[in-house]
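One chain, subunit A, appears in both complexes that follow, with subunit B as partner in the first and subunit C in the second.
Presenting the complex of A and B:
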């Protein structure tokens, strides 16, 4: 469903260089956890490498870390679609995701920290072909409705170089 | 829209909210606005280095990652405050940090400001963070 060849991927905006020694091949119904220490370059890799590549082939919905900035867009869009606009942030996020019926790829950047109940129950993740999630909470259970799980680990070896490795979880 | 944590709990707690960390664009300006003294900057840089964060007072704060910004803000508050019996409410801060940085931050608060009481925001409201 999605492939990323083994290569070096420069990210000019962040000034980082990502090294992927082994190609990534993700089948349909995959969930990928982007893991690494704070400042390892996870969000920069999403924004400068993954999103531009995914966007060429799939419709994607990206919930960025600074969710507060996106709230106005969510509220306005739901209103335009004549759908209820929840007041509580987790419910607003859920409604926004449910309204994105055309999207095959969902990207969550530290969104699960807003949910006190099962994230999958709230969002029905299994309808997506690919889910990418950045989280320091390290919960796999909410994503188990996806058939395949992977961890993409970020290791910052030098000031500007990040090495990536993929581990198959389930 | 529901009330912000600062509006709900600001009277009782010093609220450090992931969505409202800074008012200025650089650390130098932030310290200036908050009335900090010059030596505070050096102290912040030293403590942040323990987290692997290379802080520059003139660098735009939004150029750091979200987790790094959270750490810088907490360390700055730590350095600006005197050690006093104060309640600090961390909103979506600890969940943004790696496990290592989470423990490191709590340890720094315990060492630097032992009189401060730390809380996180749970479903029922502020909950005290047990000492590790």
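Presenting the complex of A and C:
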């Protein structure tokens, strides 16, 4: 479903270079956990490399780390679609996701902390072909409705270089 | 000293508009070009490349629209005129100049300057809140545009780009309103609990 060739991927805004020694091939109904220390470059990789590549081929829903800023655009979107706008942030996120009727990819950047075990119920993860998540709470259970699970590990070897490695989880 | 600085900046803005927008040098493209270059260099010194490009990126769609309509009107010789394109090119330089002059001058007024101004407490409070809100909300515009550029929610609507732009504007309005409320509450709270040094 999604392929990322083995290569070096520069991220000009963050000044980082990502090295992917082995190509990534993700089948349909895959969940990928982006894992690494704080400051390893996970969000930069998402925004500068993965999101632009995925967006060229698929419709995606991106829930960013700065959700407090993004929620304003969610409120505006639901209002313009003439749909109810919940006050509570998790309900707002759920309503926003449900309002996107056709979408193949879901990307979550430290969003599961708002849902924890209710994540699958709130977002119906199985409706997506690909789910990418950055999380520090290490909760895999809500994502088990996806058929394949992977961990994409970020290793900062040098000040500006990050090495990526993919591990198959289930 | 502060009054002199603030008055000087306001006079500079008024002088620019008096000469280069509503005055004799409006349609002197070469002079407008020199002003534009001067302003871009000033912005580069103050904000660096990324800050300057961001400022120009904000006004780029408006400049494009001006030129686009100038070409269309010139092509059809609207109202019998054949100078639409020249007029649009002038406006395409005057608009960024006006934006940059106002932005750079108002940014030069610091919070300390506002505190030192001989104005009423109510006026000072409003000015401080306005500056704080504009400082916080202007960078959000790019983030909102990024989020909405990814949003699939308007795919089924007619003119999805238009609806995405509406969402950006609406989100900016909501942010300004919320930030103004928060900044006002914070300011009032700090004022209430200020104590004199013993």
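Here are a few things to note about the model shown:
We adopt the following convention: the second predicted complex is superposed on the first by the 168 of 170 C-alpha atoms of A that agree within 3 Å, B and C clash if a C-alpha of one lies under 4 Å from a C-alpha of the other, contacts with A are read in each partner's own complex, and residues count from 1 in each chain.
Note that a contact is a pair of C-beta atoms (placed from the backbone, for glycine too) under 8 Å apart; a residue touches a chain by one contact, two chains touch by 3 or more.
Just so it is clear, the model here is predicted, and its values are computed rather than measured.
Taken together in the superposed arrangement on subunit A, subunit B and subunit C fit without clashing.
Of the two partner chains placed by the overlay, neither subunit B nor subunit C lies in contact with A:150. Using the contact criterion defined above for the overlaid structures, shared-chain residue A:55 touches subunit C, although it does not reach subunit B. In the superposition on chain A, A:37 contacts subunit B only, with no contact to subunit C.
Contacts of A:89 after superposition on the shared chain: subunit B is touched, whereas subunit C is not.
After overlaying the two complexes on the shared chain, residue contacts for A:9 are found with neither subunit B nor subunit C. Taking the C-alpha centre of subunit A as the apex, the lines running to the C-alpha centres of subunit B and subunit C meet at 70 degrees, rounded to a multiple of 10. When the two structures are aligned on the shared chain, A:80 is found in touch with subunit C, with no touch to subunit B. Look at A:72: by the touch rule set out above, it reaches subunit C but stays clear of subunit B. Across the superposed structures, the minimum distance from subunit B to subunit C, using CA atoms, reads 9 Å. Residues 66 of subunit A touch subunit B in one complex and subunit C in the other.
Residues 36-44, 65-68, 71, 87-89, 110, 113-114, 116, 136-138 of subunit A are the ones that touch subunit B when the two sit in their complex.
On subunit A, the positions that touch subunit C within their shared complex are 51, 55, 59-62, 64, 66, 69-70, 72-73, 75-77, 79-81, 96, 99-103.
The touching residues of subunit C, counted against subunit A in their complex, run 140, 143-144, 147-148, 150-156, 163, 166-168, 170-171, 174-175, 178.
Residue ranges of subunit B in contact with subunit A, taken from their complex: 1-2, 19, 51-53, 64-68, 70-71, 92, 95-102, 123.
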